[in-house]
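Okay, got some structures for you below.
Two complexes are shown next, each including subunit A; its partner changes from subunit B in the first to subunit C in the second.
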Partner chain A sequence: MMEAKFIPGDKVPAWLAELAKERRTAVPRREGGAVVFRPFDPDQPVPLGRQATTPPKGSVFPQCEPLMVFRYEKDPASPDTSQVRVKETIDETPRLVVGGRPCDARGFATFDRVYDAEDVKDLNYLARREHTAFITMACPRPSSTCFCHWVGSGPADTECSDVLMTPVEGGYVLEPVTETGGELLQSSLLEDAGKRLDEAHAVHKRAAEGLGEAPDLSETPGKLLELFDDMGFWEEVSAKCISCGACTYLCPTCYCFNITDEACGAEGARLRTWDNCMSYQFTMEASGHNPRPTKAHRLKNRVGHKFSYYPTIHGGAIACCGCGRCIKHCPVSVDIREIVLKATAAESAEQE
Partner chain B sequence: MQPLNPYLPDVATITEIIDETPAIKTFRVVLGEKRMKEFSFKPGQVGQLSVFGTGESTFVINSPPSRMDYLQFSVMRAGEVTSKLHSMSPGDQIGVRAPLGNWFPYEDLKGKNIVFVGGGIGMAPLRTLLLYMLDNRGDYGDISLLYGARTPQDMAFQYELPDWLGRDDLKTQLTVDVESEGWEHSVGLIPNVLLEMEPSPENTVAVTCGPPIMIKFTIQALHKLGFQDNQIITTLEKRMKCGVGICGRCNIGTKYVCKDGPVFTYEELKQLPNEL
Partner chain C sequence: MSLLDEMKGRIKERLPELDVVIGWQRGFDPLHATPLFMRGEEDVDRLVLDPLCVHNLATYLTGLRDKKVGVVVKGCDSRSVIELLQEKLLDRENITVFGFPCEGVVSLKKIAREVDLDLVEDARVEGDTVKVTVDGGEKSFPLAEVAADKCGRCRYHNALLSDEFVGEPVTEPEADEYADVAEFESRPLEERAGHWREAMQRCIRCYACRNACPLCVCRDHCVAHCRDPHWITEQDTVDEKWFFQVIHAMHLAGRCTECGECERACPVGIPLLLLKRKLNKEVEELFDYRAGTKVEATPPLMAFQVEEENINERGW
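Take a look at the complex of A and B:
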């Protein structure tokens, strides 16, 4: 049986320093007004108290990574022609992410169904995914933009986490979830959790209650499809959108990417970079034809993908973890919850 | 077994380049000896060709699986990758990720009459299936082909046209948009010529590919002739990157054109959300 542990708040930096020796460790760091994930640095404070502005998505799925490198080599026998050599770039560095929220870790469940599917395996992703551990901080106080409970999760969800960390009086309770999680809790800095475990569970319960009732979204996939040709609806809900793409870049469950080549002389790399379906170029074809020419078409796809197409393909799993970042950081306050509720309700209004 | 890396292309060598039209070149490529031997695909499947340092683009493998000395791709110059390909020479190496996507239901079409309707570069995917059927001629009923281009110069596969026109097991009709000197075949838009040809829908399947606008009017014409939605097969084009259903670029609702397509019956297309 893996035992829960307790760590006093003042010992956290020393513990992180121990962990960071074994694995490349990312922790929250304040940068300007934002909290972002950065490599652990013993000289920098680690703000664990609030949800980070950006998710730790990049630890497993970097914003830019080589999928392979290539190199042209001249054949000495016939100097006019050159041979090209291609090499995979799979990264198996052991990594650790400390201080993400349950929604952040659970975002990778959305990726896994696509990147680790029965028929295709994204080896670059898989290598990083397998070698990255998560010590996740349960949310003691969800904010007004949080809606993880709508999408089948909650503030103490352990899916995709290795250790669940819960703030209690004077420190944190650490509950191992996986075997790797158990290994991460071997430090002599940790104490037995004892009664503190009940305290942690009380924190979980209070947080869950704070979120209130979740709406029933079981009809949403079908209703979004029914609204597909109702461009009036989509124009209205996207009226404010400025196609900036912030919602996709900050999203723990957005996984679309672009592939481009970068070369210097005879060598180069094929790069994968995050891409964004809110941009006009995303579906633009060489002929000039664009199947999603307006922001209304594109927002329709973003919401449709998360709450209709993806759940339809993947046994009902919603491609949104309810982290609320797209709501909190949209410069014009587009709220995906409002769109989903409006779509879900739109049809029933018509049926009456 | 180690799973394959879906992004890693095979290195292929260009063995021959055929100038088809001012805008289209055909590339014959071979993979490494071992890979070429084990390589198999079905008519209609596509490949991602890459020029390392420039990028990747999607093209139909338009040689038939019944002729495996090389893989053939016909490339219309459209942007970066296609322009770079057009500047290459035999002996140069490119990357090939293939086969990707689904294929024409050539097994289910056995015993049926087939009407091919191709426009411009849209003839490329049809050529694969046409040659495959001609190589297995006994399996199929009457086969006819209507192939149209803007002008006679825009017609690809010209070196094959005399053979196609001369065969008595294939009924071929060529058309161009406007009257041109020395042109002895039809003049007129494909859907109109199709209506004049009046193929019978009886036990027949129409396979069409071309620019979206041509496909649209061709389907209208086929309906007029009495073809049902499940008797019409076409291919879709979407901007693609990964080609294996991961990058999220080519979806129409729940379907990914790279993986669930590019071949669809019109019946299937009508069930998709309207986002072509």
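Take a look at the complex of A and C:
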């Protein structure tokens, strides 16, 4: 049985330094008013008190990665023909992410159903996923934009985490979730949690209570489908959207990507890059036709993908972790909660 | 009658002849305003008008060119409308401008330095004070201290163009001398390069800066996304991000009205307005021109003169 541990607040940097020797370790860092994940640096403070501006999604699914590199080589005997040599680039570096929130870690559950499916395995993703551990910070209190409880999660959700870290008086309680998590808690800097474990669980309970009641979204997938052709609805809810990609790029569950071959001379790489369904080019077809020509079509896809199409093919799992970044950092405060509730209520109103 | 009530009255009067009027309403918390698209009288009742109304709503106008649109503007926003009219990207007869005097908008980034924005319970503006309640405790901020930096430099507090002007015009302050740009330029080159390298590292290539900009009008044909030719690679290196920002700034030279939406929209806090101001400073020195101040003027980079007054082309 793996036991919970405690670390005094002032020993956290020393502990992180120990962990960073074994694994490439990313931690939150304050930069220009934002909090982003960066490689651990003993000289930099590690702000653990708030949700980072960007999720640690890139540690497992980088914004841009080469899937392979290639090189054209001419055959000296026959200069008109060339051969292409291809090298896969699978990254198995052991990694650790410390200080993400339960929503951040749980985002990978959404990825796993797609990239680790029975019939399709994404080897680049899986290599990183398998070699990345998460020490996740339970949320002591919800933000005004938090809605993880709407999508079946909570402030102390342990899904996809290896260790759950909870702020208590004087430090943090560390609860191992997986075997890897147990291994991460072997440091002599850690003490037994003892009664502090109860304190941590009280923090979890208070945070969950602070979120209030969640609406029932069980009918939402069907209702969104019924609204599919109601462009008046989608134009209204997307009117203020400026169709940038901040929501998708800050989202821990957005997994769409683009692939481009970029070559310089005889060498090049096949790059996989985050794509963005708010962009006109997202569904631009080679013929010139675009099935999602307006921002209304595109926002419909974003909401529909998360709350209807994905749950329909993945056993009801919603492709949103409720972190609220898309609301909090949207330049014009588009609120996906409002759209989901409006869509859920729209059809009920018709039935009356 | 309050400014807000007067504005609501004017909008309701004009609404029957318009498809939509764009203003602001309360957002997801009391500190955030959010754009409001008013089509009926009941929508107008949701209008708010105070220094928390930060967005430049002129951003939406080019996307609604075929509609009769009303737009509520602060002084800086009115300059964007003027610039769009100058560039013939809007049709004057389709636009109804509701202007008012603005004495500065709140920078939420400045408030965030003092309180946790995630936990805001209440917020209101009383006179020259912004009051924010977090965790049951109320904090007061003088508007001058938490106003966006652009407001401290603004020379155009009153809407420069309006079909309906609500409220009493305020006195316009002294000229902006680009002291911030001069200060930045006085630093060693390596320090300046380091400043931008560090900032660009955070860039997530979301292009909120571009889409929030009222003068970014290439829309779906932006150099950043163009596939043929593929001007900018998909790599997320600092060089690529910086390349885009420099192109963005160059495209806005002498057109940017310094509303600061690029910088405000950036989720990771990149100080983009400084780049735009650098280019505007150059344009002002070369052409004695400030974007978006006169509807009948032609922006200098859209005009041609054989001999420019301030450019000594043959003195070598």
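Going forward, the second predicted complex is superposed on the first by the 352 of 352 C-alpha atoms of A that agree within 3 Å, B and C clash if a C-alpha of one lies under 4 Å from a C-alpha of the other, contacts with A are read in each partner's own complex, and residues count from 1 in each chain.
Following the convention adopted for this analysis, a residue touches a chain if its C-beta (ideal position, glycine included) is under 8 Å from a C-beta of that chain, and two chains touch if they have at least 3 such contacts.
Keep in mind the model is a prediction, meaning the values are calculated, not measured.
Engineer: After the match on subunit A, would you call subunit B and subunit C a fit or a clash?
Structural biologist: Superposition result for subunit B and subunit C: fit.
Engineer: Can A:L225 be said to touch subunit B (first), subunit C (second), both, or neither?
Structural biologist: A:L225 sits against subunit B, while subunit C stays out of touch.
Engineer: With the two complexes superposed on chain A, say which partner A:T283 touches: subunit B (first), subunit C (second), both, or neither.
Structural biologist: The answer is first: A:T283 touches subunit B but not subunit C.
Engineer: After lining up the shared chain so the two structures overlap, which partner does A:N258 touch, if you call subunit B first and subunit C second: first, second, both or neither?
Structural biologist: Both partners.
Engineer: Between the C-alpha centres of subunit B and subunit C, what angle is opened at the C-alpha centre of subunit A, expressed to the nearest 10°?
Structural biologist: It works out to roughly 90 degrees.
Engineer: Between subunit B and subunit C, whom does A:Y115 touch in the aligned arrangement: first, second, both, or neither?
Structural biologist: A:Y115 sits against subunit B, while subunit C stays out of touch.
Engineer: Name the contact category of A:E88: first (subunit B only), second (subunit C only), both, or neither.
Structural biologist: first
Engineer: Could you tell me if A:A17 is touching subunit B, subunit C, both of them or neither one (first, second, both, neither)?
Structural biologist: neither
Engineer: Subunit B and subunit C, closest CA-CA distance after overlay, in Å?
Structural biologist: 7
Engineer: Residues on subunit A in contact with subunit B in one complex and with subunit C in the other?
Structural biologist: 258, 260, 262
Engineer: Which bits of subunit A are touching subunit B when the two form their complex?
Structural biologist: Going through subunit A, the ones touching subunit B are 67-68, 70, 72, 80-86, 88, 114-115, 117, 120-124, 225, 228-229, 255-263, 268, 270, 275, 277, 282-287, 289, 291-292, 297, 301, 304-305, 308-309, 312-313.
Engineer: If we count contacts the way the header does, which residues on subunit C are in touch with subunit A in the complex?
Structural biologist: Result: residues 27-29, 32-37, 55, 59-60, 109, 112-113, 116-120, 198-199, 201-202, 204-208, 210-212, 219-220, 225, 227, 230, 233-236, 261, 264-265, 267-271 of subunit C touch subunit A.
Engineer: Looking at the complex, which residues from subunit B come into contact with subunit A?
Structural biologist: 3-9, 11, 50-56, 78-79, 82, 91-93, 95, 211-212, 237-239, 241-242, 244-254, 273-276
Engineer: Taking the complex as given, what residues does subunit A use to touch subunit C?
Structural biologist: So the residues of subunit A in touch with subunit C come to 31-34, 36, 50-51, 53-54, 62-64, 141, 143-145, 236, 239-240, 242-246, 248-250, 258, 260, 262, 271, 273, 276, 279-281, 327-329, 331-335, 338.
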